[in-house]
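Right after this note come the structures.
Look for subunit A in each of the two complexes below; its partner is subunit B in the first and subunit C in the second.
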Partner chain A sequence: MNTRPPRSAAAHVLRRCAHFAVVLFAVYTVSFFLLYALPGDPVALMLERRSAGAGGGTPEQLAALRARYGLDDPLPQRYLSTLGALLTGDLGTSFQSGRPVPELLAAVAPGTLALAGAALVLAVPFSLALALLTSHRPGSPAHRILVNVPALLAAVPAFWLALLLVQVFSFGLGWFPSAGGEGLPGLVLPAVSLALPVSAALTAVLVRGLDDVQRAGFVALLRARGLPWRRVYLAHVARNALLPFVTLTGLTVGGVLAGTVITETVFARAGLGRLLASSVETQDAPVVLAIAVLAALVFAAVNLLTDLLLPLLDPRLRHRTDGARA
Partner chain B sequence: MTATLPAPAHDRPARRARRGTRTGVPWLALAVLLAFALAVAWPGALAPQDPFAENIAQRLSPPSTAHLFGTDELGRDLFSRVVHGARASLLTALGALGFAIGLGLLIGLPAGYLGGATDRVLMAAVDVLLALPSLLISLIVVSGLGTGRANLALAVGLASVPALARVTRAEVLRISTQPFVEAAHGYGLSRPRILLRHVLPHSRGPILALAALELATMVLSVSALSFLGYGAQPPDPEWGTLIAAGRSYFATSWWLTALPGAVLAVVVLALHRAGRALGATEVRPV
Partner chain C sequence: MSAETVLRLDGLTVRHPARGGEVTAVEDISLTVPAGRCVALVGESGSGKSTTLNALLGLTPATARTRVRRLEFADAPGGAPRPVTDPAALRGRSVGLVPQDPARALDPLVRIEGHFAELYRHFTGLKDRAEARRRTVAALAAVGVDRPEARLRQYPHELSGGLLQRVLVALALTGEPRLLLADEPTSNLDVTVQRRVLDLFDALRAERGLALLLVTHDLAVASQRADELIVLRGGRVVESGPTDRVIGAPRHPYTRQLVTSLPGRLPRTARPAAGTDAAPAAGTGDGPPVVLAARGLAKSYPGARGSGPVAAVRGVDLTLRRGRTLAVVGESGAGKTTLLRLLTGLERPDAGTVLLDGTPVGTGRRARVAFTRRVQLVHQNPAGSLNPALTIGRIIAEPLAAHRIGTARHRAERARALLEAVGLPAGFAAQRPARLSGGQAQRVAIARALALDPEVLVLDEPVSALDQAVQLALLELLDGLQRRLGIALLLVTHDLGVVRATADEVLVLHRGRTEEAGLADALFTAPASPYTRALLDAVPALRLPVTPPFHERTPSS
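Showing the complex of A and B:
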């Protein structure tokens, strides 16, 4: 079964990479047709906004702009030319501001990266600790109470949670600025409100994993041989239950990406999420398309990475994939 | 949860396992959901005050017996606005669910039943939707279609199609191998008839359980997108819009944001409970 492990492993990596490319292409295609093939005239909307509601533009102005943005070309031709431009790194020009999309993205990306990074740094250890604490004694009163915490967090609207945090820690206690703060103090509340909903899902899955592993036979054996429970729990149960957590961390990145739209709006922070929200409102298709493809790129890349890492962490998966792919 | 039969003391692991897989009738959650159904069907019965009646003298007054949830910046009764807002919020979410189940069945039934190339193509299409976080899918659709409640329902529904299509397909695959389906083939019934009259009815349990959970997610997504300003427009009350409007005053008037959000959380918890009672175990990570 394991006669040619190097070759099949390489084939596995190649397959995953091809899948990655196909997914990105498909996301582009779906986004393009959703954004451009549907009714709604972005140019008219753009002129109306620019002239602040003073009656839009003349038909000649509309025609000139339509020609400039290539909106008169047939859809398939625009689809191909946009794809070609994207592949050469040209993300297009914003309908709304008339500036190149990369410029717009680069201006706000650092803020979002700091926020998303801070949220991940908070969410992953927090969910780990909460799950380990919850599942430490299954069936105990602590387990029964704590197991509801992720469910409760998942039921609460994320934007509402953010507003409550502001109410308590900013207006009530005055610890942190409520909006737009600079530096670390301004980052705390947004990062926490982004991290909490994400850790809800992470914790729920990890607790289920820990509870399941505890019912396995080897746990009973280890306990029967007299190992202290803490040792069994941390060294054996946790180690076995951690694998789905690795996959989920990939998905968590997606949750954080989407969550920035809400968080940045609530805290009035400049960032990719807020840029996306305002571009959706003004139907600024090039910006929305660029952010969607970028988000899919990050999301798919993280999933690809966890997929490739998992067999390295878990020998059982290694053998299984070799057997299946060889 | 009370057991009807006294279990022997040494039977604890088995009892625990049972408790984990099957839950009793969630009376509290059902009562909550019924109350919200009443709010959708006949809001005047729960909140007799006019949600649009302005009373500037009473503006921004905190919760009291006269105004259960306090009043907003125009002196409108917030409790009435929340109750009347249930229709906008919940009907939009139900519309999204209807769309998602419809499309999910349309994809999942043929994929599971026909298999082969049909299955691969349909599931690959569904997988594309999974390559983006669901909120992003909704935002792209809203961006293409424009704002408004009907577009919002489509946008939110589309994000749930992958989950529903996958469960439908898995159920159809499971049921199709049962002897009674083979027997129906033997009788010479047509394939659409077998699929709709014999396979689908047996698949409805897991689909319904997932639908309850998805509805909870949809209520949250609809309110989040309305909060961002893509749904119902003021002065129409809708929960996300109410919370967004309350933001302007929330340094001094906590009830304007806190109470509508709490109501929203209660609906979502009740739907989660109902979903678990129907047998759902999955919690979607994103």
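Showing the complex of A and C:
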């Protein structure tokens, strides 16, 4: 049966942290074997690229490079040595550019973090406002119209939306740069095109939650006690509906990170997403591995945070007394 | 009857829009509640009780069309009733509402003190937290909450149902209303708790001159507590008047039917005489052979933080004979459900054995499968136990399919035969369960349980979610099936009316132990344990093995 021993809050935190470590380890393992067990020779590819297609290198050069990157060692040994290096903070050297991976990441990470952060900063308040507005009067014409907006937003492909935004606001109106772009103006269009599909999912879940909570018995009772609807809606309905919203926002961070790959490519922004795309093309395993582990780290950390946050928001999650059936 | 009128409602009609017209939820309802009196609205589900309550508070959905000829409310004691144009104005300050399901009636994220503080702020503009706390403690103490200071920081899920209902009464009183609307306030509570909550209402009426409009499906509760009864059916008042008159001499056939269909009034003579043939002396005599038995069953679950395991069932013995009915009764938390799960093999006991035909049930997979063919379970919530995606025929045939019995065609035929056996048209086999009423759904669940020709049917609160008349029909069905098929029934329930109507033997559980066990007649007429006696005393309709309660109240005129 699903009866578990009693545990304290500290044990709960420890257990969650252990989950966090397991997720990171699993991501590393899967990425490593996917990258290094693939057919194809990254070193040959690298030399070919570097020599600009002029026939690659001699077999001696290839062998020397292989030895330098440790590619001749058996796979399990490389797996362990790479893991050891990662744990000591050594992310390795890019096959492609020959530069240390941290250096490559540091060059582009701020751009991506700004993009992802801006997208979240747009998406979360936007979806909150839209959902609260939609659900305020269930059954009203506004509700019937607005409730369909998220589905519409979600149905639009991200890249198409991005192209549309560029067409209208860059080429048409000339308000924002269409590609690259530094600072805030360059950030607006990519962030919006990344934020819209994300806020569609968030809004849909929140509207559903708000509508469900409104049907709960305690809401009718609060109204029957004479409390004004605005008070009931904001202090009780919205607060209860926010719980699943917090969980989903945590999960959304993953979607935003994945979305940067497309967005950065469409808008020709330097960033982790584009670095990842180009590194996958050239089988630049150390870079791909580092980005994968980094993304997993961010994703797992955010979800660890929401996991630890939820018991603070919901008293029912604080006492874990499974079983004890009456 | 010279008490001043607090509420007068005249000619309430509520219509809901529906496809191709309107559906009338209630039509031309009129009622008057005097100060200090209790008026009960009695009716089955769908009779319009809740619609009437909601209309009184202006809580009907915006799409509904509500018409009232006259609505009057007397706000001050001694004042004449004044017309009310917007019923929403009555909420809180004039009329307090006590809801049906206490467990879901409070915002789960807000501490008890928070609920009160919010209302004080709204009603009196009180912002001082210490003062709000002082008032909350006083309000909780006034409705009999023990250790009120300790409750302030607790969350709703940490309180028991009875305690929650007291908190809800206290909350309904914060606006100092003159009328309480109680919507099935005790139908989800144990009988002993139910009695205490109803006593609280009586006390409040006496102390504060509060008027009470009690909405209930339980005629027994209404007959004990109300001064006046209003019987609703299909959105109309079929009969109203002083309680004694309505119960003692019902004029309308529907009221007469309600009075006679109380489960506690099911004629005992209709039972296969349990005590007459060879009179088995409480389980040791000859009687029919024993099918299912348990010896020293025990089960505990891990407890809350810091505390040890909680023993749900401790050392229970029981014996169930072929063709007989054994009822397991007790309050919530007594271990009924755990015992049931142990007896049906859903959980393994920590100690003790379950015996089928005198041989212990093995723990292997094969032994368990063989066991489930002979012991079948019917759940409490009929609608929830039927897969909405399957047709009713498939649902009933599912146990046959699971045990690979017969061909698909044979199974379909059997499903239709079973439907007829439980009193439903065979044509239901092609339909899906969504359109079934509660009683029909429970019949389907029983048909499914019978598919494997079991010897024992274990029923978990089989009728507690159903209306009274439907309950009676279902109990009669079970009775007929038992006589025809010789099935043994093990009935787990908190409803002593049902027990009295159906059981040959009774086992009273209290805190996981057997409090008392024996023949039903003996136990009801002369309970040995004080706990059983308290339980029997708390049942509204059941003080009557000797004198029926309705006759107690028959007017002398």
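A few points about this structure:
Going forward, the second predicted complex is superposed on the first by the 312 of 326 C-alpha atoms of A that agree within 3 Å, B and C clash if a C-alpha of one lies under 4 Å from a C-alpha of the other, contacts with A are read in each partner's own complex, and residues count from 1 in each chain.
We adopt the following convention: contacts are C-beta pairs under 8 Å (C-beta built on N, C-alpha and C of every residue); 3 or more make two chains touch, one makes a residue touch a chain.
Source: prediction; values computed, not measured.
Once chain A of one complex is fitted onto chain A of the other, the partner contacts of A:Gly89 are absent, as it touches neither subunit B nor subunit C. In the superposition on chain A, contact of A:Arg225 is made with subunit C only, not with subunit B.
Of the two partner chains placed by superposition, subunit B and subunit C are both touched by A:Gly139. By the touch criterion defined above, A:Val23 reaches subunit B but does not reach subunit C. When both complexes are overlaid on chain A, the residue A:Val280 reaches subunit B alone and has no touch with subunit C. In the superposition on chain A, A:Gly174 makes contact with neither subunit B nor subunit C.
More subunit A residues lie in contact with B than with the other chain of the pair subunit B and subunit C.
In the superposition on chain A, A:Pro59 makes contact with neither subunit B nor subunit C. Of the two partner chains placed by the overlay, only subunit B lies in contact with A:Ala155; subunit C stays clear of it.
Contacts of A:Pro76 after superposition on the shared chain: neither subunit B nor subunit C is touched.
Subunit A residues in contact with subunit B (one complex) as well as with subunit C (other complex) are 139.
Looking at the complex, you find that subunit C touches subunit A at residues 57, 59, 61-63, 91-93, 96-97, 99-101, 104-111, 118-119, 122-123, 155, 157-158, 168, 171-172, 174-175, 301-307, 310, 312, 332-335, 337-338, 347. Those residues of subunit B whose C-beta lies close enough to touch subunit A in the complex are 13, 16, 124, 127-129, 131-136, 139-147, 216, 220, 223-224, 227-230, 240, 243, 247, 250-251, 254, 257-258, 261, 264-265, 268-269, 272, 283-286.
Residues 1, 3-8, 139, 216-218, 220-228, 231, 235-236, 239-240, 313-316, 319-326 of subunit A are the ones touching subunit C in the complex.
Against subunit B, in their complex, subunit A makes its touches with residues 23-24, 26-27, 30-31, 34-40, 139, 151-152, 154-160, 163-164, 166-167, 171, 178, 201-202, 204-205, 215, 248, 251-252, 254-255, 257-259, 261-262, 265, 276-277, 279-281, 283-285, 288, 292, 295-296, 299-300.
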